[in-house]
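By letter and in written order, the chains are A, B, C and D; residue numbering begins at 1 in each of them.
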Amino acid sequence: MQLTEKIQSLNERQLAAHRHRFEFLAGQLSSTADVLAKLRKFQVAIPSWALGTGGTRFGRFSGGGEPRNLSEKIADVGVLHALNRSGGSMSLHIPWDVPDDVEAIRAEAGAWGLRFDAVNSNTFQDQPGQPLSYKFGSLHHVDSAVRKQAVRHNIEVIRQGEALSSKALSVWLSDGSNFPGQLNFRRAFQNTLESLQEIYAALPADWQLWIEYKPFEPNFYATTIGDWGQSLLLANKLGPKAATLVDLGHHLPNTNIEQIVSLLLMEGKLAGFHFNDSKYGDDDLTVGSINPYQLFLIFCELVEGMDQRQMDHATAIGWMIDASHNVKDPIEDLLQSVEAIKIAYAQALLVDRPALQVAQQENDTVRCQEILQAAYRTDVRPLVAEARLRENGALDPVGAFRTLGIRNELTARRGSDAIATGL
Amino acid sequence: MQLTEKIQSLNERQLAAHRHRFEFLAGQLSSTADVLAKLRKFQVAIPSWALGTGGTRFGRFSGGGEPRNLSEKIADVGVLHALNRSGGSMSLHIPWDVPDDVEAIRAEAGAWGLRFDAVNSNTFQDQPGQPLSYKFGSLHHVDSAVRKQAVRHNIEVIRQGEALSSKALSVWLSDGSNFPGQLNFRRAFQNTLESLQEIYAALPADWQLWIEYKPFEPNFYATTIGDWGQSLLLANKLGPKAATLVDLGHHLPNTNIEQIVSLLLMEGKLAGFHFNDSKYGDDDLTVGSINPYQLFLIFCELVEGMDQRQMDHATAIGWMIDASHNVKDPIEDLLQSVEAIKIAYAQALLVDRPALQVAQQENDTVRCQEILQAAYRTDVRPLVAEARLRENGALDPVGAFRTLGIRNELTARRGSDAIATGL
Amino acid sequence: MQLTEKIQSLNERQLAAHRHRFEFLAGQLSSTADVLAKLRKFQVAIPSWALGTGGTRFGRFSGGGEPRNLSEKIADVGVLHALNRSGGSMSLHIPWDVPDDVEAIRAEAGAWGLRFDAVNSNTFQDQPGQPLSYKFGSLHHVDSAVRKQAVRHNIEVIRQGEALSSKALSVWLSDGSNFPGQLNFRRAFQNTLESLQEIYAALPADWQLWIEYKPFEPNFYATTIGDWGQSLLLANKLGPKAATLVDLGHHLPNTNIEQIVSLLLMEGKLAGFHFNDSKYGDDDLTVGSINPYQLFLIFCELVEGMDQRQMDHATAIGWMIDASHNVKDPIEDLLQSVEAIKIAYAQALLVDRPALQVAQQENDTVRCQEILQAAYRTDVRPLVAEARLRENGALDPVGAFRTLGIRNELTARRGSDAIATGL
Amino acid sequence: MQLTEKIQSLNERQLAAHRHRFEFLAGQLSSTADVLAKLRKFQVAIPSWALGTGGTRFGRFSGGGEPRNLSEKIADVGVLHALNRSGGSMSLHIPWDVPDDVEAIRAEAGAWGLRFDAVNSNTFQDQPGQPLSYKFGSLHHVDSAVRKQAVRHNIEVIRQGEALSSKALSVWLSDGSNFPGQLNFRRAFQNTLESLQEIYAALPADWQLWIEYKPFEPNFYATTIGDWGQSLLLANKLGPKAATLVDLGHHLPNTNIEQIVSLLLMEGKLAGFHFNDSKYGDDDLTVGSINPYQLFLIFCELVEGMDQRQMDHATAIGWMIDASHNVKDPIEDLLQSVEAIKIAYAQALLVDRPALQVAQQENDTVRCQEILQAAYRTDVRPLVAEARLRENGALDPVGAFRTLGIRNELTARRGSDAIATGL
């Protein structure tokens, strides 16, 4: 593929400087080979709805050259994956991205080396021609007819995911209430449980059901699956194929997310992640742009907890981005997000675990912090770049995207007013 | 007008029960006449953008029979005002509600007994045909050409407001940044100040400039006018015609809004209010639906502070609703909001001020609380209803709206897919 | 007892005015008798540690006449109960309030009509002579010797509770960490579980174990039992005698506490409450002083959920105050708190449940709010006063406490520098 | 001094490894000399109250060997300064650290190379023998006699500061209210202003008055100087010698502190900093332990804003730590804090300012982030160590403190139950 050659040619110019930095770093570390191997294997799913410009209720300011259909979205993820070699799968959102010709879509994805990760249902919007409205919720609705309609939609999404060899259904419900009294919390929970049980029963044997939680927005008084406790309660009642999905932005102010991650792993109920960053709410900002240390702390729990349960980092849970690109080029934004994730992962792999365990056992808090921050303050960028290089990706993905004029090319082809489906 | 007669006829059926409740209450209070007089005079402006169904970035679920143009919006406010006699003015949003025929619009409003309150500019969205984009802000923009365009828009809004006998321009800027580094805070502030100075210079002699603040959304890292301190700084630099507008939902978690209100009054810089309620952020919920005690405390500061400066409650500052009606009928929602405001106002008027002052001077905290809560726990609904009755409004406005089948009538006339402009 | 006679004599002066108010209210309501019966039965436990002046890490400003020992604390609760007839039990904190002579203590309590509610253990402070420190936690400690010591203390508290006919052990752990890395979250959780299992095994057959949660303070990075999800996870693993205790101040900003309450009731795992109010964190302010509507909403869930499970309101769960009286007389503060609880309870009892259920089923959000607020805006003070009157309590407890000069009398007897044990 | 020699001897063992890291880094950077010069000059004041173990209202767990008087506190700061060469001044808290023999104290400090930074008054606690209580506040008190007493105390603190050649009075008021209605906000503000005016009038010509703000704790409803807006309002009314002090922990959840810093610098009203870190409130944790990126962003604003006004980084504003050491050795904690500050400062100095300005002007948000994070992700520890080395400090201060057994030595001398004054 031509793009790969262009990338190699760019890499060559930067190679000497990179080698110098990488060799210095490798000389400081004892686990370079192991970290490199893990980084090379690590992949983050790209959501199909994040390839266009996002917005807020106040407006949206599109860029240009956005993908107009699923094929073009696959091409965008393909470009991203060619650049960073870590975006090797896509997470589709139904009905925004229904594959009309499944075989053709599989072939296109395959050509870019992409597979299909979890499929996502959508019962937070009404679709044209839909008989019943989700204005007052879907799986929790007081009217069983609406619940049935929403259950059917989810089962349909599973069927479409099967055709693409997906292995999980990811459910985010906006169901909730805007005002005190609007809802009976208990009945809403029980309706949700019953609806999920029907969906669960329709899961293929090797599939999982991922249950996302979120405290507020678009409902501003209560959300029916509002926190990890509620999601876990549902997952436990559903059975072994159900687990809790953590979206980093879906927490109340000051929540200790890393503790939640640790406990969900302990319970064997961590489905995976929707990565993003935020300062106020579900801001859907670039991963690592607001609080990169928190991201690192989350990865510390992941590495420790997965190792303790002998889980494979790359495949045991779902890694996904869920961000909204309001003022950045979506592909550049995604490249920055994946880079931030890999940096945090690399740093977490560098934590001196045996020493930390000793310091914890001795309640030597000062030493615990020194150990964590020694890993965090290490400049691991050469390590991440080297992993990419060995996979034939770009040493500098954002730089390559720009130097190669990829967005201009897309805009020329698709038009400056091409707008993607999604939020 | 026919509606008024229908209202009177409904009132008659409820009159005996109301009289009983009102007379009991009047017998308990010493200041009934004064409170009634103030309640009858008190008016809250209705925003033209709040007459349709609101939504979030995730979707909008319209009802039906929404007003399709400014005339129909005036009619909706007219109905509301006929019902509660407290919504006697409208606040227009330009360019959503540009009056094409000013004289006709004035006549229509006049027929319903309505006047035009502050006009609102909009530089948070791009309008079709607009030469330069507000994607990266307006009055704070790094490019002076964008700033000029935004200044011109604001001056144009003033001109349109003049034609309608408005007396204030209300400016809410979404200007801000989504990411650290995106913006130089100082230059953004100074650009904003310079832009506002140009707008200020264009104000008619008897006009005011109201500067709203908001900490986040649609920008999720920083907002250029982010809190009352920043708004006040600008207002002080601009001059005596500039003041700070408080939107109740525009605060960080746990902010003590009533203290801000007290201090702005002290400084002579409280422009007025955008009323709504919220639990998490700028949720734009019905006034008084989440934390009615906070609303009461705000009114306590208003009454005390305005009396101390001998300001006229009804006219010295701007009273306005700014809410989004996502799951309620907009007119019903506005009726509930105005009712909540008047209840809080009435309760605040009942506070035994001399006794409170003594208790405060003695640091008798228990007594201070007893005095405030004695007023708050008083059921003032008969008082508010009586004030409405004496102005020929409905004893039970929401009930009347329903009994009279007003929405059905509007839907029949406008169509079940009529959607209003606005958020 | 002389106090009761003094109270009756005060009541007589206020009786006519009270009768007038009560009769008006009774005329407006359909369920007066039922509400009165429930209010008369409802009792709130008073914590032994809340009878002295509280403070913060910055200081404490004691009043005078504080109870110096358990006998005097019992007398204080006795006075409170004589005044409001709703504080008929005490919750002891060990080791602050170890009864030296159990029989004498039981007799003193009995003389005031008091019983002993849940006993509380304390492993968040080191006691003189204690072999091992709780600096780094207790039940979660990395050192099993510390865990054993803490388990033994809890079992000892159970034994002391048994002697007083308490029926529950209430456990609040400050265990947590101040810094990332200090703690392994999973091991901390598992250590806590094992420790609790040992305590659980020592529970008498008719006892319960109440597990409190709190997100922060005194640890400022993570708390080992940090939210309701963690407490419920522990309670479920422990067994049917374990349940979750909700302290209103122990939540992150904007938490929807009423939803948690509803779900815990649904799961049969709501142990009870520590009532207080707060604006920022665990502020431990007077119940109902900051957000009385939230308190009402919580009681709405309690009434609905308990009725649905046919639980007896007065006895099925634990009702307790946990507040800190920094600037108010502790007894007056407690009287205000109990009053706020009973007002919220009475209002919740007035909610028109059948109508609400219909409105919910119809997604008539406007009507749902009208129904809730109709109950909330009702001035139920005469109802609460009448319930007290029928139990021979004071019509105006705070007023009676002052008019009778009770604090002066206590100060004269105990000294103006008497300081109570506690926070 | 012997300690310096021991430090040099430790350094020698680590020198080769350090040189290797430093030379690699210097080879990557273009501004090494400039950054080194600035780091060498940069000093952070150590508060006298932070040398003992801190605590919360729930308890305090002292270590041992804490300084028992001002002389011993000076010795502790001297040790710290010898180790990191960046703690060359002390900030005293009166009356906890009144120097009995001023000349002796100055000589002791001088021997360690220390000077005295801002002095701090204390009107949030009552001192033995104090005629009037601060239970209900000090400078804002309703009783002018209490205000006078507090003013006199502040003037006395200025006098003591003068004797030590301090140049600023730092005022933090806990004045506020716990309950709605307790306080008249406006009068509290005006009383505070008048009190501060009296103190301001007593300032020597070359002194400054630093006004700290804090939203809550120890008052939990409102604080009279609650945010930067209120502090700035006071500073502006007082005059050119008054300015606003920023304590990082004194903000509501999600506050954008760096924006406040930028605007205060713009207004010429940034007095300086109390550094610490926090997750929930005024947690007083080690600087950089929770959110090091936020610390970096604050330093980015400082460097940019001070350069733009041509202010000297080291001396133009006050740099101070204000933390509470609850579970760490206080000296180790302070060493970690100073290190975190210098790392953030060094990173901020590495930001490519001209490139950032271009990217900002082009609204190239992706590039802005890349530029900031390139500086942040740089491992500047060798640079900070080199600056220390050139000042004869320890390459690894915490390591040296431990290897040299300094705490053991202090404990042997002072006793294992020595407890410092302070919080």
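Simple rule for what comes next: contacts are C-beta pairs under 8 Å (C-beta built on N, C-alpha and C of every residue); 3 or more make two chains touch, one makes a residue touch a chain.
Quick caveat: nothing in here was measured; it's all calculated off a predicted structure.
Trainee: Same or different, please, for the chain A to chain B contact, judged on whether over half of the interface numbers appear on both copies.
Mentor: Same residues, largely: of all residue numbers at this interface, over half are found in both copies.
Trainee: So using the touch definition from the top, which pair is joined by more C-beta contacts, B-C or B-D?
Mentor: Of B-C and B-D, it is B-D that has more C-beta pairs in contact.
Trainee: Rounded to a whole Å, what is the gap between the Cα centroids of chain B and chain C?
Mentor: Each chain reduced to its C-alpha mean, chain B and chain C end up 39 Å apart.
Trainee: For chain B versus chain D, what separation do you get between their C-alpha means, in angstrom?
Mentor: It comes to 43 Å between the two C-alpha centres.
Trainee: Spell out, as numbers or ranges, the residues of chain B touching 2 or more other chains.
Mentor: Touching at least two other chains: 135-136, 178-180, 182, 215-216, 221, 253-254, 256, 279-280, 286, 289-290, 293, 327-328, 363, 365, 369.
Trainee: Enumerate the contact residues on chain A facing chain C in the complex.
Mentor: 135-136, 142, 177-186, 189-190, 215-216, 221-222, 226-230, 232-233, 252-256, 258-259, 262-263, 265-267, 293, 297, 300-301, 304-305, 308, 356-357, 359-361, 363, 365, 368-369, 371-372
Trainee: Provide the residue numbers of chain B that touch chain C in the complex, in ascending order.
Mentor: Going through chain B, the ones touching chain C are 21, 24, 28, 253-254, 256, 279-280, 286, 288-294, 327-329, 332-333, 336, 343, 363, 365-366, 369-370, 373, 376-379, 381, 398.
Trainee: For the complex, which residues does chain C have touching chain D?
Mentor: Interface residues on the chain C side: 54-59, 61, 124-126, 133-136, 174, 178-180, 182, 215-218, 220-221, 253, 278-281, 283-286, 289-290, 326-328, 423.
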